[in-house]
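Heads up, the thing below is written out as structure tokens.
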Amino acid sequence: MQAVSRRKWISRLGALGVTAGLALGGFFPASAHAQHPIRIGLSIAQTGPLSSGGKSGLVALEIWRDDVNARGGLLGRPVELVVYDDQGNPSMTPGIYTKLLDIDKVDLLVAPYGTNPSAPIIPLVKQRDLLLIGNFALDVNSQIRHDKYFNNQPWASAKDGAAPYLALCRKLGAKTIAILAADAEFAQNIAGGIRAGLKDYDLQPVYDQNYPPNTVEFSSMIRAIRAKKPDAVFVASYPSDSTAIIRSVNEIGIGDNVMLFGGGMVGLQYASIMESLGSMLNGVVNYHTWAPEKSMDFPGIRDFLSRYQPRAKQANADSLGFYLPPFDYAIGQILAQAVTATGSLDHKVLAKYLREHEIKTIVGSIRYGPTGEWANPRMIYVQFRGIADKNLDQFRGAGKQVIVAPDAFKTGEVIPFSQSRN
Amino acid sequence: MSFELLGEAIIAGVLLGCFYAAVSVGLSVAFGLLDVPQIAHPAFLVLGAYGAYYLGGFGVDPLLAGVLLTPVFFLAGLAVYRFYHATFESRGTDAGLRGLAFFFGIAFIVEVALILIFGVDQRSVEAAYIGKSISLGDVRLPMRMLVAVGVALVLTAGLMLYLSRTFTGRAIKAVAQDQTALALMGADPVRIKQWAFGIATGTCALAGALLIIVAPVEPGLGRLYIGRTFCVAVLAGLGSMPGTLAAGVILGIAESIVLTSLGASWAPAVAFGLLLLVLAVRPAGLFGR
Amino acid sequence: MGRWTKFIVGAVAVLVVALLLARLVSNEYFFFAGYVVLQFVVLATAWNILGGYAGYVNFGSGAFFAVGAYTAVALIKAFAAPLLLQLAAAVLVSGLMGLAIGAMTLRLRGIFFSIATVAIAVICETAVLNWGFVGGARGATVLQPPAPALFASYARLLFVVMSLLAVLAVALARYIEISWIGRGLRAIRDNEEAAESVGVPTLKLKLFAATASGALMGMAGAPFPLYMSFIEPTSAFSLNYAVSALAMPIIGGTASWAGPVIGAVLLGSAQQIVTVTLSSELNVLVLGVLLVAFVVAAPDGILGLVRRLLGKAGAK
């Protein structure tokens, strides 16, 4: 009996030891070699509601990575992207970024695509004092004020982003406004910018409601808005809601006195949604980052788009590439310029460089303000005109997304919403 | 809220309510009549919706797809009940917790399987009646909701007639009331219940198609309907078909009014709030036995 | 007291191991993942007190967890309360919520009770979504204070704190199980009417079990905002907590305190590994399949299987 139990115990301890060793070993990947690549870590939505933008942004980053490696890499080392799919879901990003830092041990970090998935990462990088390049996030750093955050998107702030829309309201003589916003980070931020500016532009809010993120049925809300007879309607929504709202307006109507409709609807920049909504988009005024109009012909952008579009087709990503891709390519350029100029991967050194210098990218020159946002906002508002159904190619040329605000980039005058609907 | 707006909200609520009745009818049978803790009912609805989506890819009209899939779902229901009865009902006592957990697990598996097959993105179908509306004076009624009303009436009336006029139907009502008596009269209660569960699951095909006609679906949609379907089934008075229609309309109007006045932030809580109210005040429901 | 010696020794050993790990392991991710596993130990143990012992299935575990977390957030935002106070407040608030659902058991049995717990969960989530003070749908950021001496990072401190909470939860579950309370709960689970007719104080016992269960779940949730530095309603109230809190005890075995622990450690670790290596959907699918498999084929869970195996071996 004694011998048997001792043998049992030894084998049990042995098994335990091996298991423990394997488990702990799983947390310590093989150590790196001398000439190893520079690893840039990020998560991006490849599935889920933001996937259309996310996939297109990834293609752009991959183009940048190939461009850089073709020229010999950064600091003589090849560049490698370590990418995870976060499904556009803010609950997944903290785990992914902790893994990027502690298991994959990446050298540089890029934020997830989108305001909602980025918000949890800011406290994380602040606590570890790391550099983070933002990817289409609005106002995520305004409260925490981390000094090593630099955004790639030309919002500057919610207030700056809202200003061109409010200016359009004034131009059209609008006196009343209805606000409909999704109950989530981005939508609330931009709607907050509108709400803060109402008094300056003499606008009376006659309707101001939030809706929970899973809402699919908007008829009641559209009906309620119509009953208030507003002059302008500002909507801040996400791809699925944006689609549903446009369809609902098309189905039951918003009223003939509405002069301005749209504003902060994510998804109306995605090629697939633009194509499926077609003529229902006519007259809608919505934010965008870039449109194929004369005023936005920055050096390098046309070349980039011509290289992006065939690759996007292969990767089954957004075939137009106007929204995220140029700015995600710019992320690469931002990092490359800082790393090359300082010759270092130290986050403090890189942050100091980015704070103090002008960065040249295919979306223009960038100068950063104190919270890592662009010192000069460059968000545009476009109006959809003369859109036909089921035709994607029509969007490639000028004239379909006429830039109506701000004045610096304007290529046409805004037409009241009710007039441009047939 | 103006009188006009209230009127519109009520009309919209009635349409919405008929839709809720249509998707809850299967639960009224499975849970109301058979006492099966069918918490996977909304998941089967979503499965039906994706079925319609899949067939829609071949150009099949969603309503037709729903009808075509009904026998498939019926057979699946037969199988599920046979398994459920053998594993849980016949074992007695602890079966309550396990049966519930079983269906909960099934619901979960269905949802995740849909995610793996179709992805997490929303899916929708196209049909001639989706996107258009009919004008009734100043009010515009979306056609897809009118289709929902039609289906709801067909389902509730059809089941009501079936349960009261046919032999099997009456046997189903009998087994709900007194299983032993039915057995003594020579009918096999288990086979009757199996047949009823098959019917209940069968309705999920057409009701699921309705789901995707009314709005785009995504795999996690079932969770939003747990509250609504159980609210309707309980408020109806377990097993009553006319009750299901009435309860659905009540819920629809309540939700519509809340949506229009308080805004959408509180809409998810309406069904559950109403359910808790019913359970507290009159658990037997409107037409309960 | 003799029944407790082995347990106390084991508990102290666990705490010592946790402290040692916090000092020796260099990779931060270990604590990130380990915290989650320990958190599930508490959740599974808490669920089992009402679900396994008394037979009342709670589908709204996520809400209790989130209410605990949001109580902590509210206190942090109001006056930067320390962790201990957050824990105490979370226990109090979630305990009261547990008391409320315990009262519900007066009128509601079986599936009605379970549906009602879902209702409570949805109503809580809607309320929190609309509560601007804790950030509503936009979420709230909570920066971790600097780590105290002895700990290389705040995450390690939270890891040790959660180990302590796990030990406390399991101790309470064990106490309930082996005391007259456990006997009464088992009687309720087997046949509530019979238990009542024999004189078991069913209402008091149910209220106690529900309050304890709720309080422990809230306790598990209280350190969550500090752990993540960010909290928002959709992920805090996630159905994943409800399913895990239910699946882990069923898979581990509901009859005893060891079942939820086994279920939580095994499934929790597996979840962490799979989420990191494969997709997160696959991990949830495995959970669902295991749940159905165990409910159908092995109703007594892993504990039951082990007992059967040992029983067979003993018979030889």
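To keep things simple, chains are lettered A, B and C as they appear, and every chain counts its residues starting from 1.
Convention: a contact is a pair of C-beta atoms (placed from the backbone, for glycine too) under 8 Å apart; a residue touches a chain by one contact, two chains touch by 3 or more.
Remember, it's a predicted structure, so these values are computed and weren't measured experimentally.
The interface holding more C-beta pairs in contact, when A-B is weighed against B-C, is B-C. Farthest from subunit B, judged by the mean position of CA atoms in each chain, is A. The centroid of the Cα atoms in subunit A and the matching centroid in subunit C are 36 Å apart. The distance from the centre of subunit A to the centre of subunit B, each centre being the mean of the chain's C-alpha atoms, comes to 38 Å.
Note: centroid distance subunit B to subunit C, computed from Cα atoms, is 32 Å. Counting only residues that touch two or more partner chains, subunit B has 265, 268. Chain contacts: subunit C has residues 126, 129 touching two or more partner chains.
Residues of subunit A in contact with at least two other chains: 183, 210, 212. The touching residues of subunit C, when paired with subunit B in their complex, are 51, 55, 57, 59, 107-108, 110-112, 114-116, 118-119, 122-123, 125-126, 129-130, 189-191, 239, 243, 246-247, 250, 281-282, 284-285, 287-289, 291-292, 295-296, 299.
Taken together, the subunit C residues at the contact with subunit A in this complex read 25, 27-30, 32, 126, 129, 136-139, 141-144, 228-230, 232, 234-235, 238, 273, 275-276, 279-280. Only residues 31, 37, 39, 87, 93-94, 96-98, 100-102, 104-106, 108-109, 112-113, 115-116, 223, 226-227, 230, 234, 265-266, 268-269, 272-273, 275-276, 279-280, 283 of subunit B touch subunit C when the two sit together in their complex.
On subunit B, the positions that touch subunit A within their shared complex are 2, 4-5, 8-9, 12, 16, 119-122, 131-133, 140, 142, 214-216, 218, 224, 256, 259-261, 263-265, 267-268. By the touch criterion given at the top, residues 24, 26-28, 85, 89-92, 94-95, 98-99, 101-103, 119-120, 122-124, 126-127, 143-144, 182-185, 188-189, 210, 212-213 of subunit A touch subunit C in their complex.
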